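The following pair of complexes shares a single chain, subunit A, combined with subunit B in the former and subunit C in the latter.
Moving on to the complex of A and B:
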C-alpha cells in the first residue's frame, strides 16, 4: 500500500517536472539546430580567425589577422566597393519593388500571372543569373540592342571600370526586386479597407492616406526588406565571380571576392574567417541602426 | 511455479538483453573501426586515388582498363571538382591522413604539397625517364631544377615527387581561313601574330586578329604568361626579385595590353576562356592560346562553325625564346601511408606511365607526355604536333606556394593596364611593388 502511494507520488512528481520543463524540452531540438548551424559556425570562424594557415599547418596568431586586415588598404577598398554596390542595388530594388507592389495592389488584370512571373528570377540560382547576364552583356548582345539608340556602339559593360559595378547592380536588381514586391504587396493587402475608407471619409487625399495610413501599416515590412537586402548585397559573390572576378582594375572587388581568394586560392582560412566576421559585425551594426532609426521591433 | 516461471522469464529477458547489448556493442565497435580505420585497414591489393573531374575520369578508365590487371591490384578512384580536390588534399595532408594513396595535383600545387609526397624513385623501380618529356619530369621534381627555390625548400636535394598524368601546355589556335584571306602564314613569333592580326582586324568585317583572357586575376595572368616569359625571361630571379618591371618586362606588357589589345574584340578585359573559345569557334577571333581541353569544342562540327578552318601550332616565340605556359596534372604518392602501400602505389604509377598504357590512354582521349606516344600517335589528334612542340619548350609557373597570391596581384595590375587605368610601365611597377610585399611578408 505504502509502495503504491510512493509510486503514485513519484509519477505525479515526474508529470509535474515534465510540465514545468516541457517548454525547454520542446525547444531543445530547435536549440540544437540553432547551435549546430548558427552558433558552431560562428564559433568556428572566430577560432579560425585566430590562426595563420600555411602549408605546414596552422599557427595561433591571436588578433594579428584583424590588425593586418584592418590596416590594409585592400580590405577598405573592397568594403567601399561593397558599400557602393549595396547602396545602388538596395535603393533600386526597394524603390522599384515598392512601386510595383503599389501598382499590383490596385486593380490590375492578371495580377496572379504577373506575380507568378515575377517570382521566376527569385528562384534562379545567382550563378545562372550571372551567366544569363553575361550573354546579354556580350558585344552586340541584348543589352547593346536595348541601349543602341542612345549609344554610338557596343557598351563595354564589364570591361570599363566606371561602368562595371553598375553592370553588376542590374542583374541583382532584376533578380531581387520581386522579393521586395512580394513582401510589400503582402503588407499592402493586409491594410484593412475600413481604415482607408474612414480616412477617405475624413477628407484625406491620396498622398495623406499613403503617409498616414498605408505606410505606418507596412513600415515593419519595409524595414525588414531593407535589412534582408542590405545583408544580401553585402554577401554578393556569384555574380561578381562569374561576370568580373573583381575587375576591371579592382572596380568590382567586393569583400566576398577577397574572402573567396583568401580561403580557396591562398588557403588562408584564418584571414578569410576574419573578413567574414568583420562583415558580420558590420551587417549587425547596420541592422541594429535600421531597427533603432525606424523604431521598429521585430 | 509462477515464481520460478517469473525468474526464468527474467533470466531469459536478461540473457536476451545482454545478447542484444553484446551484439550492438560488437556492431558499434565494428562500425567505429570501419570509420576510423579508413584505407589503412584495406589490404595492399587496393590502391585509392583522388583525382579531379575531367582528366581524372580518363585516368580512372585507364586504371580499370589496363593497369589493374597488369599490376594485380584494385583501384578505388574518387573524382572531385578541381577546387574541392585542392581543399581536400591540403586538409588531408595537414592531418597526415591516409585516405588516398595516390593524389592528382595541378602542377602549381606542387610547392604546397611536395613535403607530403613520397619520392617517386623510391617506389618505382624502372621509370622510363628517357621517354618522358624532360619538362614534365622537371615540373614534378621538387625543388624544380632551373627555377627559383622558395626559402623552405632551399638546400634540399631535388627529388621526383609527381609523375605527369596529363601533358598539358598551351597550344596556339589559328583560323587558317582568316589568315589566308589576308595572305598571312601561320605564325612562328608573336610579331607574326600581331602583323597578321592587324590585317584581319582591318580587312575582315566581324573578325579580330587575336583575343586574350582579359578578366582580372588568374585568367589574364595565365593568358599573359607565355608572352611575358618569351619576351622578358623568367618572372623572378633566382633570389626571388620580380624581374618583369625592367625595360624588357615593360615592353612585353605593353605589347600585350596595347598591341594585342588593339587587335582584340571590344570588351576583352572581361573575357574568360568561354568567350575566347566561342569567338574562335565562330570565326570572330582569328587566333588565341588554348589548353588542349579547349580543342574538343573547336573541332566539334555541331558547335564550331569554323571547325574545318581551325589549325594548331606551337605557341609563338617572343624576342627571347618560346615559352608556352605549362599546366601538367601530376600523380604523387601520399607520404603517410605504409611502405607496402607506397610500393603498391608505385607499381600502379609505373604501369600507368608505361608505353602500352599510354597508347591506350591516347585512345581514351588522354593528353600524352611521352616522346614515343606522341611519335606513334601524331595523327590521332590534329593538335598533337603543336602540343609536342609546345611541351618541349614549356615553362612552369613560378614554383612557390605563394603563386595564387602572386598571379592575382600580377593579374590585377595587367587588367588595370588593359582598361587604360594605367600604363604598362605603371602596371609593372605596381605589380613589382605588390608582389615584393607578398614575398617580403613571407621571408623570401
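Moving on to the complex of A and C:
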C-alpha cells in the first residue's frame, strides 16, 4: 500500500514540476527551431562570408568578399533588376488592387463569390503560377493572340532582354493584386455606416468623404499591404527560376537568382553568404523604414 | 498663393469627377459599370487556371493550336495516366510532397500553438512573452528566405540532412511557426483569463484544462493555421530545390520547375502535373476562405 501512495506522490510531484516549468516547456520547442533555422544560419553566414571557396578547399580571406561584391557590378545589377521588378509589380498591384476593392465595395452582385475567387491565385504555388503564364506566353499562344492586333507576329515574351522582366511582373501582378483587393476590401467594410452617413448629412461630397472619412480607416492597411508586397517582391524566386533563370542576358537576374547561381553553379558559398548578409541589411532597413514611417503597431 | 491656386484646381477637379459620377448614377450606369469591372476581374483571375486545367484535358495538338482554341472540341483524360507512365517518378514526388507537408504542418502547428499559449498566458522575464518575442518572430517573417537557405545548405551538408525529407520537414516547420503564432495570437488573447482557473477549480490539471477546454475554443483559428501551413509547405520551391537533389526526396514543385527536357516542353503532361499540384490547395483554401486573410496578413486582418 505504502508503495502505491509513494508512486502517486511521485506522479503528483512530476505534474507539479511540469506545471512550474510549463511556460518554458510550451515555448522552447518553437524557439529552439527558430533559433536553429534563423539565428544560427545567419551566424554561420557571417563566418562563411569571410572565406573563399574553390575546388582546392576554402581559404580565409577576411572582408575581401565584401569589398569585391560592393565594387564589382554584378551584385548592384541584380539589386537594380530586383528594384525594377519591385517598382513595377508593387505599383500595379497596389493601384489596381485598391481600385478593384473600391469597386467591389459598391453595388456588386455575388460579392462573396468574387471574394472567394480572389483567393484562388493567392494559394496557388508560385511555381504553378509561372507555368500558367509560361503556357500562355507560348509562341502563338494566348498572350500573342490577345496582343495580336497591336503587334506584327508573335512577341518574344521571355527571350527578349527588354521584355522579359515585364513578362515576370505580369504573373506577379496576376497573383498578388487580389491580396491587396481582399485586404483593402476588408478595411472598407469595417467603416461603420453611421460615420459615412454623418459625413453625407454634413454635405461632404463623395470624394471628400472618401478622403476625409474612408481613407483614415484603411490607411494602416494600405501601409501593411505595401510592406507585404515590397518584402514579397524582394524575395521573388520561383517565378524567375521557372520562367527565365535570370536570362536572357541577365536581364531578369534578381538578387535571389544571383545568389543561387553564386552558391550552386559556382560553388562559392562565401560570396553567396556575403550577398545574403548584404541583402539582409537592406531588407531590415526597408522594413524598419516602413515601420517608422507608418507608426503601424504590429 | 501657389498653394491656394493648387487647392482651387484640385477642388475643381474633384467637383468635376463628382459631376461625372452623379451623371453616371443618374442614368443608372453605376451598377452596370461596377458589375462589369467585377466580371472582368473574375475572368482575368480564373482564365489562366481554366487554361491549364482545360489544357490537361486536351490533345497536344489542340492544346498548342494557333490561334488558341477557347473551348476544346475533344475532352480526354488520357494525359493523366500518360504522365505517370512516362514519368513514374511522379508517384515518388507526390509521396514526398505529402510526407513533407504533413510532417512539417504537424510540427509547426504543435510547437506554434504551444508557444502562442505560453506567450499569451505566462509571465516571462523582461516582458519577453508580451512584446519582444512576438516582435522577433515577426521579424523572421521579413527575412528573405534566400538569406538563410545558403548557410542552411552548408549546415545540412555537415549534419547529413541534405537530400532528406526530415531536413525539409524541419525547415518548413521553422518557417511556418511564425505564421501559426501570429494567426493564433488573437484567438488566445480573446479567451478570458478565468477559464483555466475555473477549470482547475473544477478539478482539472492545468494541462488537462488546456486540452479539454482551451483548445476546443480556439478550434477555428487552429484549423485556419493548419490549412495555411499545409498550403505553404505544399507550394514551396526554393528550399526544396536547394536542399534536395534526387527523385527520392524531391517534392512536386521541384519536379514542375525542372520538368523541361533539353528540347521541348511536354505541355500535355506538364498541364496535368500542374493541375495535380493546384487541386489540393484550392480545395483546402476553399474550406477556410473566410479565415485565410488572417494568415496572409500575419493576423492583421480578422
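The rule is short, and it goes like this: the second predicted complex is superposed on the first by the 249 of 298 C-alpha atoms of A that agree within 3 Å, B and C clash if a C-alpha of one lies under 4 Å from a C-alpha of the other, contacts with A are read in each partner's own complex, and residues count from 1 in each chain.
One rule holds in what follows: contacts are C-beta pairs under 8 Å (C-beta built on N, C-alpha and C of every residue); 3 or more make two chains touch, one makes a residue touch a chain.
Just so we're clear, the structure is a prediction, and the values are computed from it rather than from any experiment.
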Checklist entry - subunit A superposed: clash or fit between subunit B and subunit C? => result clash
Checklist entry - Which holds for A:246: it touches subunit B only (first), subunit C only (second), both, or neither? => result first
Next on the checklist: If you tally the residues of subunit A touched by each partner, is the higher count for subunit B or for subunit C?
Outcome noted: C
Next on the checklist: Quick check on the superposed pair: does A:264 touch subunit B, subunit C, both, or neither? Answer first, second, both or neither.
Outcome noted: both
Next on the checklist: Contact-wise, after the overlay, does A:117 reach subunit B, subunit C, both or neither (first, second, both, neither)?
Outcome noted: second
Checklist entry - Is A:59 in contact with subunit B, with subunit C, with both, or with neither (first, second, both, neither)? => result neither
Checklist entry - Touching A:186 in the superposition: subunit B (first), subunit C (second), both, neither? => result second
Next on the checklist: Output check: A:158 vs subunit B and subunit C. Expected answer is one of first, second, both, neither. What do you get?
Outcome noted: first
Checklist entry - So, does A:37 touch the first partner subunit B, the second partner subunit C, both, or neither? => result second
Item to check | Touching partner for A:138 - first (subunit B), second (subunit C), both, neither | outcome: both
Item to check | Overlapping segment of subunit C (options 59-67, 257-265, 275-283 or 293-301) - the one that collides with subunit B in the superposed model | outcome: 257-265
Item to check | Overlapping contact positions on subunit A, where the subunit C interface meets the subunit B interface | outcome: 138, 264
Item to check | In the complex, subunit A residues that touch subunit C | outcome: 15, 18-19, 22-27, 29-31, 33-34, 36-38, 40-42, 44-45, 48, 100, 103-104, 106-111, 114-136, 138, 140-142, 144-145, 148, 174, 178-179, 181-183, 186-187, 205-208, 221, 224, 228, 231, 234-235, 237-238, 241-242, 255-256, 259-260, 263-264, 269, 272-273, 276-277, 279-280, 283-284, 287, 298
Checklist entry - Hey, which residues of subunit B end up touching subunit A in the complex? => result 83, 86-87, 90, 94, 111-113, 115, 152, 214-220, 265-270, 272, 275, 401-402, 404-405, 408, 411-412, 415-416, 418-419, 421-422
Checklist entry - Where on subunit A is subunit B touching in the complex? => result 54-58, 137-139, 153-154, 156-161, 164, 243-250, 261, 264-267
Item to check | subunit C residues within the subunit A interface of the complex | outcome: 14-15, 17-18, 21, 30-31, 34-35, 37-38, 41-42, 44-46, 48-49, 51-52, 55, 64, 66-68, 107, 110-112, 114-115, 117-119, 121-124, 129, 133-135, 137-140, 142-155, 170-171, 173-175, 177-178, 181, 205-207, 231, 234-238, 241-242, 253, 256-257, 265, 267, 270-271, 274, 277-278, 281-282, 284-286, 289, 292-293, 296-298, 300-302
